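Order of writing sets the chain letters: A, B, C, D, E and F. Residues in each chain are counted from 1.
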Amino acid sequence: MALVPLIEYAQASAEVRAVYDDIMTTRGVDWINNFWKALANDPKELARVWRNVKQVMAPGALDPLVKEMIYLAVSVTNGCQYCIASHTAAARKAGMTEAMFGEVMAVVGMANETNRLANGYRVPVDAAFED
Amino acid sequence: MALVPLIEYAQASAEVRAVYDDIMTTRGVDWINNFWKALANDPKELARVWRNVKQVMAPGALDPLVKEMIYLAVSVTNGCQYCIASHTAAARKAGMTEAMFGEVMAVVGMANETNRLANGYRVPVDAAFED
Amino acid sequence: MALVPLIEYAQASAEVRAVYDDIMTTRGVDWINNFWKALANDPKELARVWRNVKQVMAPGALDPLVKEMIYLAVSVTNGCQYCIASHTAAARKAGMTEAMFGEVMAVVGMANETNRLANGYRVPVDAAFED
Amino acid sequence: MALVPLIEYAQASAEVRAVYDDIMTTRGVDWINNFWKALANDPKELARVWRNVKQVMAPGALDPLVKEMIYLAVSVTNGCQYCIASHTAAARKAGMTEAMFGEVMAVVGMANETNRLANGYRVPVDAAFED
Amino acid sequence: MALVPLIEYAQASAEVRAVYDDIMTTRGVDWINNFWKALANDPKELARVWRNVKQVMAPGALDPLVKEMIYLAVSVTNGCQYCIASHTAAARKAGMTEAMFGEVMAVVGMANETNRLANGYRVPVDAAFED
Amino acid sequence: MALVPLIEYAQASAEVRAVYDDIMTTRGVDWINNFWKALANDPKELARVWRNVKQVMAPGALDPLVKEMIYLAVSVTNGCQYCIASHTAAARKAGMTEAMFGEVMAVVGMANETNRLANGYRVPVDAAFED
């Protein structure tokens, strides 16, 4: 189904394995999910995307759980099935409870609704928000 | 520019004023933003949307700041200018620092990128995520 | 602001004027809106798009008012400001009342919300819907 | 495949059953589709979403068939597979013929095309639409 | 799974066969893909959509490979699984190498990211771009 | 209007100036557009996004003009006004003629239409595309 072969660790070049190793070490897991196996067909792209994900998702002003829930909210809005599945798993691993999952979904649903109401009525931005 | 008149408090019916009063009390503010003034053209719709926003955005398993940042992430993904302006203001009021704002944007950008990579390569969902 | 000049009737070639004339006759109006003036920079594209709009929006199994409200619903979902403004005007001209406008917005908002809930929970399609 | 268990009537709490009963009564059906069975993991969210769908989709200035076709148009624009399947079924039940379905699709396609042309050329909104 | 029957050549009316024949001749293929078999339920719509695809995708100022890659970029952005599969096949047939595919994906990902950053920060358009 | 101050070169830190200098050198321009001035509020994010844009948009299997037109196609699909303005300018600088611009728009429009038709009819992917 994928448009490119999925590159397994055993078949991978040293360049790809280095990224795979860093993914597993950083995340504390012992396997590589399909997203990276697809990107590995273009080793520079694999390295580029992983470097960015690693930097952006690292703990900072926001903790990893909040970042994962934001990632999930975007993925649900865009309807990306792969991303919804993988980031729900990641968010649960980072501590998202079922009650939290339900609230993320509710906020995402509500925001998608009011985004359209604001656009549909062509509501002008309040001066107070432009300060 | 709005497609309907914006209903000011002074002109509003008792039914609309009751919702406006509840918005101001719940949020601890002394003014109504344009979104609600547009919806007020349809008082039942105003009441319906506010009742939902109030329920969904109330503190629960997630605190209000996290909910506001998720709301903002969706609004940015959808490109809703009004909602980006109003929910950035709301998130800042709830405690979002400039560093947090920058990280929300970075996660939203990253998620929008990888959502397309996952779709574009047609990456199959890993069995481990289907459990 | 437009990325191409807007071609006015007085400046237009005979090929463009023929399309402009057909637009005005078909719609019973005496002016051309900016959308067509932009497309007129590429006369074949102008003719192609108009031919399609004319065919698709003609009365058929659905009447023109219903078609305009569907057009508006899509435009609101996509957040196209120009299209929201122009198709609200067209729908009102075709008979959309303020109560109908409010209901279109409510349905569009609701559908955008539940679309995300269905995606976010990864709800499988019921066998009954696959018949 | 769903990210939460689907709650069947036999397993459901009294609170959930009350909503299920109202859905079946309101719609004149004797079964519950998967969307609600997923939401039922969060009974308050189930009740909230159903209350809104019931209110918004009730006959009003627009009849139920028109509302279902607008719902379908949004779902197609967003690419929500579950919603396309369920709302095509609902629209057909409400009287949508095959000819009407074809015209809904044609209008949705056309609107999605011209939405991008209007954005892509950055067409300014005509003064006549701003009145 | 399709919402309408897929019309095979053997079952098709003369009107539908004429379009199918033109598709096969224009593309130099000996089979019809499912997209057209679905549209064929509405023969006028089949003819309309094919006429447009044929005109828009013909060689012009841009060559067919570039057009196919742009088509693919849009399909990936919208998450249309059918279109991603069919237009990747079409682009490969027109000469897209694996390296080119990887670069299309990278640009699409990057654009989707920066589109949100520009919206999220509400960056004003530079005067230099408004000339 | 921007949600953060726009950082001018004269006010910028050495870290930000180094990125600005690289942008101007790489692109052969003597000014910085607002997108980067907004990102500069978060110098690490500025550096990260620029490093990616520089890598992804460099000549490779695809030439810079094709990459810019793909970037534009995505921006139009997403309705990002800033990005449409800036990438139309960039594409024109890279050699996009008015005829090419018109064809990019036509392909983008067409793809957005057929993406919805494929989704709306729920067209199954042909076996030939799954090889």
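Worth pointing out:
Just so it is clear, a contact is a pair of C-beta atoms (placed from the backbone, for glycine too) under 8 Å apart; a residue touches a chain by one contact, two chains touch by 3 or more.
Just so you know, these numbers come straight off a predicted model, no measurement behind them.
Shared contacts of chain A and chain D, meaning chains that touch the two of them, come down to B, C, E, F. Set side by side, C-E and B-E show the greater C-beta contact count at B-E. Superposing the C-alpha atoms of chain B onto those of chain D requires a rotation of 180 degrees, given to the nearest 5. In whole angstrom, the spacing between the mean C-alpha positions of chain A and chain E is 27.
Centre-to-centre separation between chain E and chain F, using Cα means, comes to 21 Å.
The set of chain C residues touching two or more other chains comprises 1, 3-4, 48-49, 52, 56, 77-81, 84-85, 88, 99, 102, 104-106, 108-110, 112-117, 119-122, 130. Chain contact topology: the protein chains form a complete graph, every chain touching every other one.
Those residues of chain E lying in contact with chain A across their complex are 79, 84-85, 88, 98-99, 101-102, 105-106, 109.
The touching residues of chain E, counted against chain D in their complex, run 3-4, 41-42, 45, 48-49, 78-80. Within the complex, the chain A residues that touch chain F are 1, 44, 48, 52, 55-56, 130.
Those residues of chain C that touch chain D in the complex are listed here as 1-4, 31, 33-35, 38-39, 49, 52-53, 56-57, 60-62, 66-67, 69-71, 73-75, 77-78, 80-83, 85-89, 97, 99-100, 102-104, 106-126, 128-130. The residues of chain B lying in touch with chain E in their complex are 72, 76-77, 79, 81, 84-85, 104-105, 108-110, 112-117, 119-122.
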